[in-house]
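Residue numbering begins at 1 within each chain, and the chains themselves are lettered A, B and C in the order written.
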Amino acid sequence: MNLRFATAVIEALIFASSEPVKSKEMATILELTEETVKELIRGLQQEYQENGRGIQIIEVAEGYQFLTNPECAPYVEKLKKVPRQPSLSQAALETLAIIAYKQPITRAEIEMLRGVRVDSSLSTLLERGLIQEAGRKDGPGRPILYVTTTDFLKYFGLNTLDDLPMVDDWSNNQQLAINLTAD
Amino acid sequence: MNLRFATAVIEALIFASSEPVKSKEMATILELTEETVKELIRGLQQEYQENGRGIQIIEVAEGYQFLTNPECAPYVEKLKKVPRQPSLSQAALETLAIIAYKQPITRAEIEMLRGVRVDSSLSTLLERGLIQEAGRKDGPGRPILYVTTTDFLKYFGLNTLDDLPMVDDWSNNQQLAINLTAD
Amino acid sequence: MGEQETYQIRLEVFEGPLDLLLHLIERAEIDIYNIPIVEITDQFLAYLENMQFFSLQEAADFLLMAATLMQIKARMLLPRPVVEDTELEGEEENDPRQELVERLLEYKRVKAIAAELQSKEAESLKLFPRAGGYFADQETAATSDPIGEVTLWDLVQAFSTLLESLVPRLELEGMPREEFSIQEKMESILACLAKQSQISFHALFTGQTSRPAIVATFLALLELIRMRKVGVRQDRVFGEIVIQRWEA
């Protein structure tokens, strides 16, 4: 297949999908190697970038997606027909931060860390599809375990969970090494 | 405003809108004349056409919108055949169930029944074409009413809404539900 | 506490007791590993007095922390048992503040991550995706499957489950709620003390089954102490706490 046309198809595929499209998927459709597809995408990304366009191709949740240029945001916001989501509350962000780094985790464990009940932020996060239930923990009461979703990655523009900001050694170390020094 | 940037904004506006955008609306947002906007759109259309891209800007009755290039259609088709859309979430399903049985219904009424905010499940359902807006309810704030679509019937294999299975004790519970809503 | 201070407190919203505690520690520029527990406990209680809670549950979260702080304070004030054999158990291992310090450090990390997520969110909200609903290619739109694996049965099931859950919820929300007014609890404590000269702290809570009832009783007691209507006495460490009429 003509590479110029393959690039056009990739553009159409990324555009037409409502979810980020994986390079592997496009390779199958185009009957090309994933390497070639990735290279064509890079070319396409560059083209959009260099020409100061209003849209760009971003790698999100291990797939590719068209998004508007951030510089255009003040204008896009004025558009009537744009679905808007309210940003998350501080409480919801704290709950989400804990789930993101300590998943899978139970409600009681989250409450221990935040020091407050988290029912309402959990239901907000579930409703917005940023977290989901993932089975139950062994042990008394068999409490529900929560994990983050692909929409979580999309919402924060992350490619994988590894792109989460590092905070001290928390992300590496599930068990916190507390260094209690005597004063 | 720099015309190059104005073009980028137009591109972003057409892309981000859920419906075709009128040149007049864009002119207002950009504080440019409608003539200038139309001219910039023509330039943008030409750019996409000349370079054999996978997407193009098309003028339809209600305004401008992006569409994939018809030549790419066979490939886009393959993408659609892959079951990409994640199944409806429990939250979306519950919201849909309420709308199906209690339509027409406002968002506040659904939230009263589900006990949580339903913005995101409503927008998922709207996006998937399973529900639609149907006028406004009389009363304070004149809130939007939601109903299910003919696609909803189609996907669940129903001829009419009367084919929805009866739920036990429905009339009884409906009374309760109404009381709740009235609070 | 001056006018200004009170005003400031009203403006501040704390995400919970740990958040308030961190705020106090940071404001005082105190070493988190060496919290002056007496001072911090007093400040925490002073804040608590002025805070407006949205719910009893929220108040209970803060009260629990107040109780924890007071417990640590008490343990710090008690003479430490003399360690006879010089084993490797370090002194800090016995520091009653240790668990609190660990929780505060963990919570500090949570806050830091939440702040990072918030800035990512702000960045990401500036990038708009192609709004769904309008399929680029109308013909292919028809073949897409908006419901996935969901069946009609799932839909009906979701609805009837919802209806079932509505009944108990209605009983909770729609029925006249059992009221736990602090005023009433205050009156009932005073009424009790009119009949007998003292009540044990323990007896005050016997028969109170629900969490809101217990919290209301506790708040009522605190209020009565503040108003100097009742006094509290504890004759020996860990002994029974006794509530009695305030005798001038």
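Methods note: a contact is a pair of C-beta atoms (placed from the backbone, for glycine too) under 8 Å apart; a residue touches a chain by one contact, two chains touch by 3 or more.
Small disclaimer: the values here were computed from a predicted structure and weren't measured.
Participant: Of the other chains, whose C-alpha centre is the longest way from the centre of subunit A?
Facilitator: Computed centres place C farthest from subunit A.
Participant: With centres defined from CA atoms, tell me which chain sits nearest the overall protein centre.
Facilitator: A
Participant: Roughly how far is subunit A from subunit B, centre to centre by C-alpha average, rounded to an integer in Å?
Facilitator: 22
Participant: Mind checking the centre-to-centre distance between subunit B and subunit C? Centres are C-alpha means, answer in whole Å.
Facilitator: 41
Participant: Rounded to the nearest whole Å, what is the centre-to-centre distance of subunit A and subunit C, using the mean of the C-alpha atoms as each centre?
Facilitator: 31
Participant: Indicate the residues of subunit A shared as contacts by at least two other chains.
Facilitator: Within subunit A, residues 12, 15-16, 18, 66, 68-69, 76, 81-83, 85 contact more than one other chain.
Participant: So which bits of subunit C are touching at least two other chains?
Facilitator: In subunit C, residues 128-132, 136-137, 140 touch at least two other chains, as defined above.
Participant: For a test of understanding, state which residues of subunit B touch subunit C in their complex under the given definition.
Facilitator: 12, 15-20, 55, 65-68, 73, 76-77, 80-81, 83, 85-88, 90, 93-94, 96-98, 100-101, 113-115, 126-130, 151, 155-158, 164-165, 167-170, 173, 176-177, 179-180, 183
Participant: Where on subunit A does subunit B make contact in their complex?
Facilitator: 4-5, 7-13, 15-19, 21, 25, 29-30, 52-55, 66, 68-69, 71-72, 75-76, 78-83, 85-86, 123-124, 126-129, 132, 150
Participant: Can you list the residues on subunit C that touch subunit B in the complex?
Facilitator: For this pair, the touching residues of subunit C are 128-134, 136-137, 139-140, 143-152, 154-156, 158-160, 162-163, 166-167, 169-170, 173-174.
Participant: Give every residue of subunit C touching subunit A within the complex, in rising order.
Facilitator: Those residues of subunit C that touch subunit A are 13, 15-19, 31, 33-34, 57-58, 61, 65, 90-92, 95, 98, 101-103, 105-107, 109-114, 116-118, 120-132, 135-137, 140.
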